[in-house]
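Chain IDs A, B and C follow the sequence of writing; residue 1 opens each chain.
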Amino acid sequence: MSENINPTVSEATPLIETRHLKKYFKVRKGLLHAVDDINIKIMPGKTIGVVGESGCGKSTLGRTILRLIEPTEGEVLYDGENIVPYGKHEMNKMRRNMQLIFQDPYSSLNPRMSVSELIAEYMIVNKTCKTRAEVWDRVDELMETVGLAERFAGAFPHELDGGRRQRIGIARALSLDPKFIVCDEPVSALDVSIQAQILNLLMDLQDQRGLTYMFITHDLSVVKHISDEIMVMYLGQCVEIAPSKELFKNPVHPYTQALLAAIPIPDVSMRHKEIEVIKGELTSPINPKPGCRFASRCKYATPKCTEGDLTLNDLGNGHFSTCVMHQQ
Amino acid sequence: MAENTANAPVKKKKRKNSKLADTWRLFKKRKTSVLGLIIFSIILFMVLCAPLFVEKSKVEESDWEYLNSPPVAGHPFGTDDLGRDLFARVLYGGRNSLEIGLVSMVCALFMGVVIGSLCGYFGGVLDQIVMRVLDVLKSIPTTVLALAIVAALGGSKTNLILAIMISQTPAQVRLVRSAVIGIAGREYFEAARACGTSTPRIIFKHIVPNCIGTVIIQASMAMAQMILQAASLSFIGLGIQPPEPEWGSMLSGAREFMSSAPWQMIFPGLFIMLSAYSFNLIGDGLRDALDPKLRS
Amino acid sequence: MSKKDLYKNTDGEKFIETDKLLIIKNLEVIYKTDKTTVHAVNGIDLELGKGETIGLVGETGAGKTTTALSILRLLPEVTAHTPHGEIYFNGENLIQAPEERMRDIRGDKISMIFQDPMTALNPVYTVGEQIYEALELHAPEHKTKEELNARVDEVLKMVGITPERKNEYPHQFSGGMKQRVVIAMALACEPELLIADEPTTALDVTIQAQVLIMMRELRDRLGTAMIMITHDLGIVAQTCDKVAVMYAGEIIESGTAEDIYNSGKRHPYTEGLFGSIPDLTEDTDRLKPIPGLMPDPTNLPKGCYFSPRCPYATDKCRSEHPPVHVDGDHKIACWLFAEKEE
């Protein structure tokens, strides 16, 4: 696993790679650094979990990789090839390989289209099937794959519950046989028992089809099972990246530690234990000062934290952190 | 493959559950709207099937024995000052009135959907320019605007339709545009872009079907206004030219005899009122029936 | 029959003698629309002592919010009916109380916090003005303007907001700060009972932790009883003394937090809920979700409502409604435990 992330030793080509990817938005008060110098590699068939609180730029990162948002700077490599300079036509072709599953199963489905029309739409647009009958066969097949009963084919999204709607979203994303899927908080709008169903479905699909996922979420406990490695983002920057088990066993960045500590644990014996909570709230990523953006909330902060630019420090075992405490 | 084709019609059926039945169920719940629909259907039937009730020749034929006659056998609505049968004139005149109303509504609607969705979808400079032009048009009262257009182009049915259409278009464009902007913020719109859907397909598959409800409601309301506008332009002599009958111009011609022969005003006036009123009622019902919040 | 009549029933007494703060007996709530009847709450019993905190756990559509709204009698009058049930607050039957009395109780004796802090605050008034208004309505002991203003400052400080910010408008606050303001408003009159409906669902984890700790401290200091509505078993474990698990409008299991989390005896649905949450301390590859979906509340299954999804369901479960198995405070409505007794 470790050689996959370590930039110097990788032999195989990662399916998705970003190099110094940046996305800045112009706002009235200055430049909003939504994605700031993100370097990741995702090997085929693996899952990277992207964790952070609202406004940390995780959704922007996912959309920038898919070029639904144009990057300000940097490269996005698909199978070793930079897709940023691609024209509209080339990009449309490329999009078949890269799909997005949306967070909100309510607003991401056109309310005027039936379940089977929704699933068929991507195939019709991309003309992947020769005849209509072939499209409908594929639709039936996809509905079975994601566990939607045949009787829902003619139903409209508003007649279905959140879990089933999310299954439509998944079937639609799978319809073009993509290799890479960005899952943008696919379960955060669902009930716990349904969340587990959808997470299991996504893992099964990965096993069957060798899919590569980027799994975006604000909930660390959700990514634990599904991810091979996890990246923690704070205000547009990657603060820690490590293999999933390693991150939970040994979180080194104070922000990651705070995130883990903040999850309420379903165990009554823990209730009287004082949990340490970080103070304050997210500051804005508009015209940020150099150095660590978490420093203003960090209890270990020293003047050194806000000097100079951040670098990812290699801690071994594929574990990287930007915290200056771990600088060698 | 043969099996697939054989199955195709059966499969096609279940691809979409009908929404029509649901819409009708909700429409039916509002009794006044059903009444509106019945009234309008009767008017439309009488006007379209006028030959069943009275010959066309009666429209311009004078019956010199009955001048300014009140309703009698043979002349159920009475006659005018030239002895023409008012029943025939109201029915055949309705063809003109309703045609002007319906055609100008459909045209204004079409313009609204095309210009509105283009402006809402592309935004930017195009949107700004079109909106400012429409603002100017909108600042002129619709009747005055229509008046100016008819006065400039001359009074004919086509010009009347054109005038009413132009005066009604800005409102439709604004409505569609704001609906499109609302939809463009939705995720399904982004989903469509994410798979490389072409712009026309996005507009016609994802945008228009989602704002068509609002547009239909608005149009059925505006329809009443357009019938009234057509009548009022004809009333001041700028519409259909005599001896061709039209409800508005009939009303105008009957003005002199208001006290001596009130039926000359009552019948065309009643038809104008009823058709406008019934359209308003239908619009109310459609608003309820197409509102997704009241569904499910 | 007027709307008011439909909303009430004549079960039980107007007043009873009790030392409990809240007693709910056999409460049933239905929503009637033109086509369907939704059975939202189907005969629940609940007791809450002074200063206690109960966690009401369940998924969307389990009837948690409906239960809370019926305590405050805030159910939508047009569609909701309560054919049965008694709700005693300090011994007074709220179902039969006149509307004027309810207005005194709401906000003063019982407060509620809603899930979405964004919509709970009026955007055109400053935060200070809104707290001031709540105090003016319900706190007769603070009469003068100065007293009320001083109390506004005090309340804001209590939830960790500097009083200088009281002249700002809600949109100038972040989500976590807004929820603090909402909590400040709810606690301004020191109510005896606070109903919190998913108070932290809309917040980020680190902010959620801050807000939960604050709520816990305030509850202990003011001695407020609390009903915590949530779907998160972690939040319940960290804040509640008692737990009631709801499913399809029924309380299928209730007891002390220790009963539910540690006694080893659980309703199969509760078991399923625990299986659905990813465990941070254990290594498992797959989650164990509950198969299937919540039953349709317009057409509930025969017998136990959970039987279609229950891995242990027998024919008896599918045909007869289960009795309540009682073990001290721990109550489980399931045939599995009833049969063991026999």
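Annotations for the structure displayed:
Everything that follows uses one rule, which is that a contact is a pair of C-beta atoms (placed from the backbone, for glycine too) under 8 Å apart; a residue touches a chain by one contact, two chains touch by 3 or more.
The shown structure was predicted, so the numbers you read here are calculated from the model rather than taken from an experiment.
Taking the mean Cα position of each chain as its centre, B sits at the greatest distance from chain A. Comparing the chain pairs A-B and A-C, the larger number of C-beta pairs in contact belongs to A-C. Chain A and chain B have Cα centroids lying 50 Å from one another. Here the CA centre of chain A is 33 Å from the CA centre of chain C. Of all residues in chain A, those touching chain B in their complex are 66, 68, 91-93, 95-96, 99-100, 102-104, 107-114, 116-117, 121-122, 125-126, 132-134, 136-137, 153-156, 158-159, 172, 176.
Looking at the complex, you find that chain B touches chain A at residues 1, 4-5, 7-8, 11, 13-17, 19, 186-188, 190-198, 201, 205-206, 209-210, 292, 295-296.
Interface residues of chain A facing chain C in the complex, by the touch rule stated above, are 53-54, 161-163, 191-197, 199-200, 203, 218-222, 224-225, 245, 248, 258-271, 275, 277-279, 281-282. Of all residues in chain C, only 59-60, 174-177, 204-210, 212-213, 231-239, 257-258, 261-262, 272-278, 280, 283-291, 293-294 touch chain A in the complex they form.
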